[in-house]
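Got some structures for you, see below.
What follows is a pair of complexes built around subunit A, which joins subunit B in one and subunit C in the other.
For the complex of A and B:
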């Protein structure tokens, strides 16, 4: 039964997943190509110098990409469930409703990570070939909360999409927006290093929000 | 006879608006029961409560002996649900949706589904969101037949269907339910379909049940009485006479009381020339609930 839910989710997200994978790899590849060009023109020592002197990380254009990928994935996965209330079909399946929703969220989160991981690997492979360990780690640590924001955006959007009433959806959306800002607060690279364990725990708790929407849906809340 | 569906003292409000209070009904095993009511009388509310998608303000419902809302998923496997508008996963095609559902039901009858699908003029890979309402209804019905549940809960199965698809749906469903001893609880806004399909009916008015009885008995007992009356005639209150109306000097009134009693009551009001006729289910429904 769990595999059947995976199958349903795959049908919904497959084209978006492919697009997200291409975008994720494409943007990371582009950022690395830009860096490679700068390295070939000015030399790696100059890049090192700029990173140390000006706190540059050279992948700024990737900052909001995971966020949008996470948001988009939740939209293509959960909005079709709410169209004409077909979520009722899912809840009528002979499986616990919380299990069904948890499986859907877990599948989506894993598929989102599969779009992030190749991009992170591309960055890792190239950066560690031209930069000192402290410098490439500096870039990847700086990007870590962006990817965490992508997961958070996915869970928040799922929460909002599964909410049965429009008024509450707007409220939940505002709360989600305010919360998402936490992932993008300090401009200083690596500012989140000490905060990351807590941010990770909080992000991994966010699927519980969808259970609130599930409860409200099953109680028959409507506009 | 064992009751497959039992609802006791159901009360529900939307905000402060009372939908119904202390509603009680049962559906015995092997019966097809149709819930009839005007718009806003609580048909979909009742279906939503029965399907576990609405918590009533008070009261409780049981299907197959289990309280709805705390139902074991295994019990849900024995219940087929048709959502209003024949909603199915729009993003799947007929092969994908069959493959998906078959994983949940051990007794899945693939051939029953594809037998019905063979009647549709759709390509196997055509997505459900590109099908007509009639085609979607057949997909939804085919999935229920393949699931082979003990109990079927169908919300407004005729919504959006043309007469051909309605007839196909009704004939298939009745044949299936009767041959397999299924229990069916359904609503429809097209009452002629109900007449062909249901054994028992519940007719609801705002906030209450007017009658719950076998359709045969209702149609046997209910009569429409007409008489020519003078301008300004108004029928006085009489027990068991429903919704009298006068249109162009013709009085029309419905009753389930024995004919001789009704004639006697009307005679007391000066109506001696009274015609009585049998009614169909739609007329009986109008007779009980009124035209407006």
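For the complex of A and C:
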């Protein structure tokens, strides 16, 4: 049954997943090409110095990409199903409703990660060839909360999308927006390092919120 | 599962309320008090103050004397040196000492350090300039160094490889001078936009103080003897024009010390307490005195020090109560980290 749910989810998100993968790889590749061009024009020493002295990280344009990819994936995965009211059918499968929703969310999260990981690998492969470990780790650690925000956006959007009433959707949306701000506090590179373990745990607990929407859906709440 | 979900939901709501409600209150209602511009004057032996009364600027001192703008220039002749020169009013002597404008300008300095200069993520790579190139202009090096448990490593930036020869030469010199790796803290000013370079002051693994620089491509490392019972904690290299000091040091007891050049003598200043991790400091110095302003959330404390022996001449405190309320925040003026804290 779980494999059948995986297949159903794959059918729903496959084109979006491909688009997200291309966007994720494309933007990372573009950022690395821009950096490679700067290295060839100004020399690696210039890049090292501006990183050390001026907190430059050269991947700023990627900051909100994981957020939008996560948000988009949840919209594609859950909104059409809710609009067509076919989500009810999922709950009639011979599997516990909470398990079914958990499997859907886990599948979406893993597929989202498969769009993030190649982008991170591209950055790692290029950066470690021109930068000292301290510097490429500096860049990747700085990007860590952005990717965590992508996961959070996915879970929050799923929570809002599964909510059956508009009033509560707005309230949940406001809570989600405020919470997402935590991942984008104005800060210097690597400022989140100490906070990341706690932020990761909290982010991985966010699917619990979807269970509230599921309960309200099953209780027949509607506008 | 539902119960855990509900608890988690309310926990998130509680976090957001504890964060956003105090922020909203502070944004609209909190007021901070600023202390007036205050600078010690050896001419009058008191703090000179520029205050504001609605729209008017008041030039005064702590004794209550009121000055005109021109009089105030002469109260702070080293600070308003250029104005006095332009007016042809620069004195031949200040406090009985013969002076000239060039001498005054060379001896003048100001330095400012805030807690966020210390409490921030550090990359751990540093540029070591050539201190004695024989050229007037300094040049940035083509390598950077890191200090490991075993030694100092210089990494060539263009090739991203370790310069083994140079690394070995510097490591051997530092070991010979008694340096115990790794370093606990270091301070330098790696820029070519300065008059001269003094490299780095470094605390080793045993909290002993060293001065490291590169002269004619060779390592210069010198142990600096610290006074008995003093444990250095934070270092600030100075590189002021006067070249009279190498660095400022704060110790574990919140004392402020000066490392003098060229003797490497470490002298305690008359500043009663300065904690660089929570307080910001501004020092404005001249050939006669230093004005040291130390600020925290509650007050701005001003200390006047004798420029020669750093003894305390006078002090004054302005209360600057902060009417903001405590709430959950993720950033702070005291550091460059993002993490939840109540402030």
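The rule we apply is simple: the second predicted complex is superposed on the first by the 223 of 223 C-alpha atoms of A that agree within 3 Å, B and C clash if a C-alpha of one lies under 4 Å from a C-alpha of the other, contacts with A are read in each partner's own complex, and residues count from 1 in each chain.
The criterion applied here is as follows: contacts are C-beta pairs under 8 Å (C-beta built on N, C-alpha and C of every residue); 3 or more make two chains touch, one makes a residue touch a chain.
It should be emphasised that the depicted structure is a prediction, and the values quoted were computed from it without experimental measurement.
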| item | value |
| --- | --- |
| Superposition on subunit A - do subunit B and subunit C clash or fit | fit |
| Which superposed partner A:143 touches (first subunit B, second subunit C, both, neither) | neither |
| A:160 touches, of subunit B and subunit C: first, second, both or neither? | neither |
| Touched partner set for A:209, first subunit B, second subunit C, both or neither | second |
| Which superposed partner A:217 touches (first subunit B, second subunit C, both, neither) | first |
| Which of subunit B and subunit C A:194 touches, first, second, both or neither | second |
| First (subunit B), second (subunit C), both or neither touched by A:131 | second |
| Partner chain in contact with A:80 - subunit B first, subunit C second, else both or neither | first |
| Which of subunit B and subunit C A:88 touches, first, second, both or neither | first |
| Touching partner for A:8 - first (subunit B), second (subunit C), both, neither | first |
| Larger contact residue set on subunit A - subunit B or subunit C | C |
| Overlay on chain A, subunit C to subunit B nearest C-alpha distance, Å | 14 |
| List of subunit C residues in touch with subunit A within their complex | 1-2, 4-6, 8-9, 12-13, 15-16, 19-20, 120-121, 123-127, 140, 142, 144, 146, 155, 157-158, 160, 190-191, 330-331, 336-340 |
| Sites on subunit A touched by subunit B in the complex | 1, 3-4, 7-8, 11-12, 80, 83-86, 88-89, 91-96, 217-220 |
| In the complex, subunit A residues that touch subunit C | 43-45, 48-49, 51-53, 98, 129-132, 134-135, 138, 145, 175, 178-179, 182, 185-195, 198, 205, 208-209, 211-212, 215 |
| Residues of subunit B defined as touching subunit A within the complex | 48, 51-55, 69, 73-74, 76-77, 79, 81, 83, 85, 87-92, 96, 99-101, 103-105 |
